[in-house]
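Each of the next two complexes has chain A plus one more chain, namely chain B in the first and chain C in the second.
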Partner chain A sequence: MGVNSYLPKTLKEALEIRKDHDTIILAGGSDLMVGAFRATGVTPEFDKDVVIIRNLPELKGIKKNEKGELEIGALTTSREIASNPDVPWILRQAAGKMGAVGLRNSATIGGNIANASPKGDTPGPEYLLDARVVVESLDRGEREIPVNEFVLKLKTVAIEKDEIITKIVLPYGDDDFDNFFYHKIGRRYANAISKLTLCSAIKFDGDVITDFRVATTACGVKTNRSRDVEKILIGKKRYEIPSLIDEVNAQYEALLTPRAMPEYRKYSTKCMISDFLMKVSNNTAEKFNE
Partner chain B sequence: MDKRIEFTLNGKKVFVVTDPLNRLLDVIREHFGLTAAKEGCSEGECGACSVLLNGHLVTSCIIPMGAVDGQNVETLEGVRETELGKIIVDAYADGGAVQCGFCIPGMVMATYYLLMNNHNPTEEECRVGISGNICRCTGYDLIIKSMMLAAERARRILWA
Partner chain C sequence: MSDKKNNFEYEEFVESFNPRDDETPLCGVETAIHRGDAYQKATGAQKYVADLKFPDMIYARMIRAQVVRGKIKKITVPALPKGYYFITEKDIPEGGKNCLNMIASDWKCFAAGEVRFKGETIGLLCGPNREQLFELEKQIKIEYIEEEAATTIEEGLACKGGAFVNDNNIHCQLKLEMGDNVDEIFKTAPHVFEDTIETGYQEHLYLETNGMIVTKENNKYILYGSLQCPFYVRKSTYTLLNIPIEDVVVRQISTGGAFGGKEHFPDILAGPLLVAEHKIGKPIKLIFQREEDIEYSVKRHPSKIVFKTATDDEGNILAMDSIVYYNVGGYLASSYVVLQRGCFHIMGCYKFPSARTRGYGVATNCYPSCAFRGFGAPQAIFAIETHMSHLAKHFGIEPLQYKKKYLIKQGDTTITNGKVVEEVQCPKMIEQLTEASDYYRKAKEYGYGSYKGIGIAFYNHGGAFTGNGESAIIKGRVRLTKNANGTVDIFCGQTEMGQGINTALRKIAAVTLGIPMSKVNFNAPDTSIVPDSGPTAASRSTMVPGYLIEKAAIEMKERWNSEDSFSVERQYQHPEGYPWDQATFQGYAYLGYGWGCAIVEVEVDKRTSEVHIKGVWSSHDVGNCIDKRIVHGQVNGGIAQGIGWASTELIQNINGKFKEKSMSDYIVPTSMDIPEQKVFFANSPYEWGPYGAKGMGELVFNGVGAAYIDALSRAINRDISKIPVPSEYVCDHVLHGTNSCLIEEKK
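Up next, the complex of A and B:
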């Protein structure tokens, strides 16, 4: 016997279903439907009832909140994110390099974080920009969770059985940093699952570094980021960067726990960080670097 | 458990009583007999099953029918009856784009989606446009050429 599926028309209906039943949320389907596939012409197999929310209007779209932060509805697709100029460049890069044309019309930002795969494309920029995940339930309303606390471990997120991810909030944008770096290493241009992705950003006040961030995906069970490592550069001057790169790299490498090809992943991470920081130090970095 | 799912298929209101988890690809092929969309990889990567959902190119092998309820689906059978669709099909034939043909329905759908949104694509944009469609025969070059030919003809005939 197959499981039940629910087809809510509104967020309220969806939240009622989540409250009353033990369900899996199916958004774009680009991950869950692949996992549930059995054979041609055979109903995909799920081990729980499914609530299909792909078309819920309340969870789509991108807008600014009263604080000026960007709010991206959980069902906003990668195509919509990649093509919206209000979205920070680094997240547009990640969304635009995910899968290929057809997949980007299905894959959603909420699904990508709920999936909690270390190889996910959009979580890297979300970690870098201190994104918050907003979840909602009928009984407790909304609650906000920093993205690094939302992802608990591989394939596991801090969502309760009656909740739905409603949006991702980005407190930082392109104007908040002077230089950005994004580079995804995959085996081909399209349909590439990240082998390693580095996201970084740096901000100066005059010659003094006021903020520096670096996040890596596909290099451990979670996206890697550490404020302690970033503090090595914060407060230092631009000309001091070359003398500090080795310390940044050494401490950052200690965070990385790749399962496969650890030497390759650690070495490539080091190369990308050094490349970005040397360009910044030499004043040859663009605003956006790949 | 089966549910009644109503949607628009190639411009006509239709319904099907099916498990909402069944794949759009299986339903359009087996229930509606529209066999242009092909099953290739079954994981949304090869593009052989491409259709338009609410005007956007998607791989129908990862779309559950529950996500189609109340929505608008167009398959190659509908697209090839449109003026742009005819121009693309003719350009593929004239340009020698087709070898075994298995990927071609998806390629035509991706070409249609590209040209609907970009009347004057560069070769690079054509390559990105079909980057989610895998072809194991042609090496892509004649497909790209045919896409450029279709765009040129459409500019002359439809968008002048």
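Up next, the complex of A and C:
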């Protein structure tokens, strides 16, 4: 019974606390506080000391690094991401469709990847765009981990006890693909947890597909993406797409391991991929598709 | 008394319901005005029961049975610190009865021996510190002998695990017939079709969860609660302590939504609190958490309705038979009346040459079902509307053309062999709505299976208590008092729960008396002060108490100049010439129905089976709008709630346990899910209502679910016979569904 709470003012202070104590990090609190709630008038329950990082200035804001990649501070809220025109469209969509207004004002991009929920909104676009998660510790400084390696399994990420997620780096943006697709199926049209979300992007050089990507969330314990499936289309011509859709769908479906509503989730994934690729193949796709 | 600032001042609270800023004289009842309660509620200033504190107040946690069916073998309570109590049926004083008098008195205040459903109250753990209560609760050990449970209508009827109500698990039943004997017609009819329609549970999901505080003042027990019917609470609980009914005083605290969920359910809090107060003598507060309120509270009855309809070769209906099953749960409580209302509405807005219905309230080991906006009528109306659409499709007739032929008219005979008293405005509604929605073009163009659909439904709702119940059972009274300073007080038991009744009733008095709204006070009711004007339920508050206020105000106006301060009281009298026999359910079931028609247009995303609602058009006959904005609010809310019931509001009771327990699991529609509604009226004034107004709070819920399902069924060319239908179910219909679920009887 009873844990300590720390409220550091700088990243350095926070990293010292992480080094010296076994702690759990609280950023926006929109997920952790729900889990820790027991009853009105009863103290929330944490099994470890809590370090509340939401005030650290170093972890806020969105900027370009020297390589021209977008760096999003771990404490950037969903609302800030959704309303920043520098952020790729597909990530803005995900952030803007997360929960309700109050939640979007509180939830952070760092927290949304750290809780490693398969239903998280922002991880889908992060997987699609090969995002890297930057973590920092006092002893070893910064290290970068590709997002798909960062998330190990359900509710588990590759972070050490003394580390803090400081930012998410996006090596790709809107200009790097010709067409994007994002569709979140919520259980209603606002304030909903994802029932299934599909993210996709495709790039051409002339008529030749030079890149194709597809990622699904809420359809297994982790976000689904496979370069092998994507390679079915890479190097092919636009007019060849219709003849390859079935193969893409068949191989992609094999990745999906939904626990509930398996038929619905697999069928809808297949339909959305087919719809997007058909539009791309017959040149009716917009730059951004839903 | 140390923390006076935080202590609750009841006088201050009731006063806050009567804002003083509206001096504008009113030109009529229809004009929209500012609601008395709007500003405080919108700004968050309004206090609710969870905000209230009393000196020395302690807290309670409800301890509930965790098995679905069984016997309580042993309850082990840890050593309780000083000031902590575990209250059970053993604490009911001598002469007190362990029951809650809802309509039936079978629901026990505390489970004793037998457990009929998961969540049945076992005891109340009370004490000053909520942290400590939380820890103590974990140490209470209850051992059970578990028994096999029946949790669905089918299992209940099959008496799975043995009957626990009567010898057949039938809590209640009734039968109604009009016209000729349907069995004879079935023998010779060219076609006989069977059609089974089912509806699911619905959770009220009022914004404010249930909560209540009990105190003792001047040797009387005072209950402060979030509730609809103060007099129901009093009647339900006084027998627990074997004290005079007046010794239980109920004071309504501003109520953040109810929808029927606070009609009888507050008794479940009030009963144990009263017994605890008897033992402890300090103010005790009990507030449900959201998850607790969803998992352990009453819901709308799930239903299964089986139609058997005889037609000729052209699809003309010769006779209709139906069996109505409602899943009542462990105790009867109010469900017989719910089942009756369901059966009275089983013909919807239609008249057939001959009809019969038999209703059964099925006992199951589920949390008991109870009142919810519509009170049994929505299930019946959804079923008849959906059945009519199935028949229309089978015979290749456009559904509106098919339904139109059977619309009931003034003077036609109802299923209870009474007559429809008023002029039925459905034909006018058809004109309004088909034009506004471009129905005929869209119906033709979309057809079946284009992933676009438009649907239509007709519905009604009998206003107030059935038959002569208002005068025979309720005997509602209201009182108006003129004060020497020229203000008027309304004494009436109706409760404001967000629907606007406080404004509506004050407005009726103000307009009738010709004085500004600011001169009319109407405080939240206190059962020791106001006369019993009957429950705030059954779409009766404007129609009946509102009428009594109008009549009292007319007399008051005549005496206004000659007397300084005086009171006028009125009691309801059933109009002559409209007989009703409650023993046989024969006669005029309702003198004033509200009528409605709704058109819904949808577009289904072929890829994801998501349903986008493109338009909602509705028209209602509410007699007259006492306040246009309030009535609009009711229409918008009722329609959103009705669409939710048919679409996303899935709550599954799996083997006696509700699966969806939070607001992120139980999906009510948001304003993003429902487009701006087009609202029309086709009013037919009601002779015995204030300014012609009749009931409308439930009406607006009753039919839109059927219109939505009609539209969706046409869009995907699948018959849908069961609601709700979230998108994964739509997908299932598309992949595996049938485009005709009528089963024709082989001759």
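Please note the rule applied: the second predicted complex is superposed on the first by the 289 of 290 C-alpha atoms of A that agree within 3 Å, B and C clash if a C-alpha of one lies under 4 Å from a C-alpha of the other, contacts with A are read in each partner's own complex, and residues count from 1 in each chain.
As a convention for this text, a contact is a pair of C-beta atoms (placed from the backbone, for glycine too) under 8 Å apart; a residue touches a chain by one contact, two chains touch by 3 or more.
All values derive from a computational prediction rather than experimental measurement.
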item	value
First, second, both or neither for A:H183, with chain B first and chain C second	second
Chain B versus chain C as contact partner of A:L26, first or second or both or neither	first
Partner chain in contact with A:E263 - chain B first, chain C second, else both or neither	second
Which of chain B and chain C A:G41 touches, first, second, both or neither	both
Touching partner for A:A192 - first (chain B), second (chain C), both, neither	second
Touched partner set for A:M272, first chain B, second chain C, both or neither	second
Broader residue contact with chain A after superposition on the shared chain, chain B or chain C	B
Partner chain(s) touched by A:N105 [first = chain B, second = chain C, both, neither]	first
Doubly contacted chain A residues - partners chain C and chain B	40-41, 43, 189-191
Chain B partner contacts - residues on chain A that touch it in the complex	2-5, 7, 26, 28-30, 33-34, 36-37, 40-41, 43-44, 46, 50, 52, 54-55, 79, 99-103, 105-106, 189-191
Interfacial residue positions of chain B with respect to chain A in the complex	1, 3, 19-23, 26, 30, 39, 42-45, 47, 50, 53, 56-59, 61-64, 66-67, 69-71, 110, 113, 128-133
For the chain A and chain C complex, residues of the former touching the latter	38-43, 183, 185, 187-193, 195-196, 261, 263-264, 267-268, 271-272, 274-275
Sites on chain C touched by chain A in the complex	50, 59, 61, 130-131, 134, 287, 289, 606-610, 648, 664, 667-673, 726-728, 731-732, 735
